[in-house]
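Here chain A shows up in two complexes: once beside chain B, once beside chain C.
Coming up: the complex of A and B.
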């Protein structure tokens, strides 16, 4: 009997590449951590909790941007998740196979549209729709956190849908057959068998999309208003959604980075924002990837 | 930052020792205001002399200054002077400003404000709006509507001219938080599509169809950003337009600069609504040329 080879070339190569990828992420995080050191020394945890960002006065508080990022992502998910999962259930469980592939292909094409295209659509259409539709609430302009969230939802929809669909297709057909055999209707099968089985995968789909949502720059940049220091006065109200705001990525994409360059503290503050964003996105992506790997009962 | 500095230094070293490596395209970056005549000049030089030129507008004037100083581009475009702070931030670059024309910053408003009767503002009124003491157009003789002020990003030439006039120095400008706009295109679109909107914009971009340039009230007179008023210095928010180099311009950068200050380049400056160097020296000519 041939000796079992512990190390094949494939295995070695995949290890190497995994290590390179990991080192890349760790290296990035380390780079931003080192570069942002001055701002942590300057502001401490106040960098995360501070609500004022006035660089000419050396005030660096990232809280409004973290808030803006989370609000925009939450709005996007609240809209994209139900619709995306619903569409996934429909295509996966109810559409004939040939149609399913056609629809999935179309959706995946949508997922590949560059974000700047969505951003321009946002400027051309969505800004004005939101502005006109919400006229009774007197938004100051069409650039609001809500606009950014809705635009992001449109962008995330294909990702949520296609990943959730994969999760649903991952549930073995035998389970469905058994459920139908026990007399459950098609709807009951979906609600009580397929969806619960696919739940970890669907959650993973949502988390992976959320990771993308947090980091999305150009489209959000164009419609979020980029107003610093926005903090919601009444927390239990939708009013703050109709104000302009700033997200971590829209701040990083703006012209301020050019001013920061060459000023160690200001630059450190910008690097600190990048670090926070990187950690947020990485955490969510890792969480999502982990859930996606969960095995199904067979 | 050290890593980037080091990288830039290594890259600069390469450029110095390997002339063949430097024969890539002539790269230009900076102000969206200076961009139109430069981009068109690049177009002509490409067609006529086969030069390879890339023109970009990342980060406006401050983007032009920092990318030039870091050796990422060979020419910067700026609608403001290179400040002492910039010079001390980038000691390796011996900044040269080449004056190619003159422009004014106009305060632009949306149609409803213009038609509601606001045609000019005084300096005190502008400061009041910028500091958030005046929040409704009815307080300055306009319609009863909130003022939606879009602030140009700090570091943009337009913004610096604005606060320089109001406060004497960009460093003395109060800390405010408004929704921000970047390039001229974005400022114009957002003001045009928002009721009660106002922003600062290069006067040549104020088309008088979708956005309208306000006059400035000074000693009981209303002064608009006309060529004549800019050339004579009567309109206070005017500013020079520059292309920038580190040290003496050389090679293709020099070709571009010679073209811009030459007759055809100046014609492009005029075509895009800016004042030419000749008009600047001779306000009479600007008046005759009209706008």
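Coming up: the complex of A and C.
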């Protein structure tokens, strides 16, 4: 009898804690969906496509923030992905073991640098550099979408690199040996054998980093300028890069969240931004996770 | 000859990328250390903030961050253990719920940290009426790092040699005796590594705690739950970074950033040997 009781205690505790945790995860997603309902009723799809956000006039259009989020993430990824993947190829394929550990140590630590520290570097250094570099284009300040993108690129670098390196290391050594045995150079082996095999894992690395880029708040918040309702005149114009903007997360991190709580519709609009962000990031996370799994299965 | 040249060029190009990545690391550490070094002194660690950050030290900020981390650890360790046991033991023969559990953790791991902050703002600050409280911050950080801790423990449990479990079962131990005397003691390293990595991330997070747990000045040691915020290192930097025109403040901000970097690096370095080994083993296997 005593045995049986103890058996159920460990098991019951495990289940209890797990159910609380899983309820928390479900609650997190449900909360934003439920709380944002009024704004979907109020604006419908216009919430996603509307270009104007004036909460005093009950105008809630999230398009400029979605635009800002995507542009900042695109700049960050365009810079971080090639460098990160290149660095991963070098450490995984060309570096001797001892050096590889040293590089990985630096990269692990780099990945741990808090985003508020990046924000501090951005606000006190990068912003001035960008302002000086862009002087011929006469930007209003150093707080631009471009600044946020560059800062974010540095933050993503260790993520891209670590995940891409994992993918490359997942390719069995025998494949490399066979390719070298056929007379391919180390570079040809990488380009024709290792990289194609690691491609799903590397794509996963890019997607997961993109997910992280979309959600990053603190560092972007400090250098993006937080200018509402910025919409590019021709949609493909690059001029907005040199101007201040707003992203979904920088909006959510601003003081407006405290103003919004008193007004159900305004609050619903903020919850709607959170929901859009959550859906974007979760989609990328799931795609990335799926690719990584198929990669590991081979 | 041409193939050799292509090889050297390719290796050079990727090498430059790797050097750039490492260079960024040293540049960041140098940028923080060279500016923050001067602010460090005994008083910096033992005094409280004065003159809106221009004078005094960061004693209560450091203490607040440690309180948040301890709470996050206390919340995440048992929960992660429970989830990992579910995955590795109790749902061992139920592949579908098991996959669902992994999926939930994957999704949670991707959730942007600001969303934890807003979740906490609604649930704890407003619904439960706690106001800003250290407990909210600790629970949110614990929730945020849950996937890191759980997956680390899960992998360790999955890697236990089958003969340990067979031997234990052969001795007539019940499932719960096996859990407590074989599985948990043998895999506790996974919990430790995961917790260290999680805490390293939690220590520097600002977004989950800025609306829910931390203020800039005027808090000391909490003496209850409701309306009991703490100071913290990341929020201190966050506030001063936006308003650091006073050079005296500037020096203190860099000093605070250096201390925060020290805390984060110390936690990651403690977890590192195990992690690097795991990566290399994955390669050989």
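As a working rule, the second predicted complex is superposed on the first by the 266 of 298 C-alpha atoms of A that agree within 3 Å, B and C clash if a C-alpha of one lies under 4 Å from a C-alpha of the other, contacts with A are read in each partner's own complex, and residues count from 1 in each chain.
Basically, contacts are C-beta pairs under 8 Å (C-beta built on N, C-alpha and C of every residue); 3 or more make two chains touch, one makes a residue touch a chain.
Worth saying up front: this structure is predicted, and the values here are computed from it rather than measured.
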Combined model on chain A: chain C and chain B, fit or clash: clash
Superposition-derived comparison: chain B or chain C, residues of chain A touched: C
Partner chain in contact with A:225 - chain B first, chain C second, else both or neither: first
First, second, both or neither for A:116, with chain B first and chain C second: second
A:98 touches, of chain B and chain C: first, second, both or neither? neither
Which of chain B and chain C A:35 touches, first, second, both or neither: both
Which superposed partner A:138 touches (first chain B, second chain C, both, neither): first
First, second, both or neither for A:261, with chain B first and chain C second: both
Partner chain in contact with A:54 - chain B first, chain C second, else both or neither: first
Overlap of chain C and chain B interfaces on chain A (superposed complexes): 31, 35, 123, 222, 257-258, 261
Residues of chain B touching chain A in the complex: 1, 3, 59-60, 62-63, 65-66, 89-90, 146, 148, 150, 153-156, 171, 173, 175, 177-182, 186, 189-190, 193-194, 196-197
Chain A residues touching chain B - in the complex, by the definition given at the top: 31, 35, 54-57, 59, 123, 127-128, 131, 138, 140-143, 222, 225-230, 244, 254-259, 261-264, 267
Complex contacts: residues of chain C adjacent to chain A: 3-4, 6-7, 10-11, 13-18, 20-22, 24-26, 28, 31-32, 78-79, 81-83, 85-86, 90, 101, 103-104, 106-119, 121-123, 126, 143, 146, 174-177, 179-180, 200-201, 203-207, 210-211, 234, 237-238, 241-242, 244, 250, 253-254, 257, 260-261, 264-265, 267-269, 272, 275-276, 279-280, 282-283
Touching residues on chain A, where the partner in the complex is chain C: 3, 6-11, 13-18, 20-22, 24-25, 27-28, 31-32, 35, 82-87, 89-91, 93-95, 97, 101, 103-110, 112-117, 119-121, 123-125, 154, 157-158, 161, 166, 169-170, 173, 185-188, 190-191, 208, 211-212, 214-218, 222, 249, 252-253, 257-258, 261, 270-271, 274, 277-278, 281-282, 284-286, 289
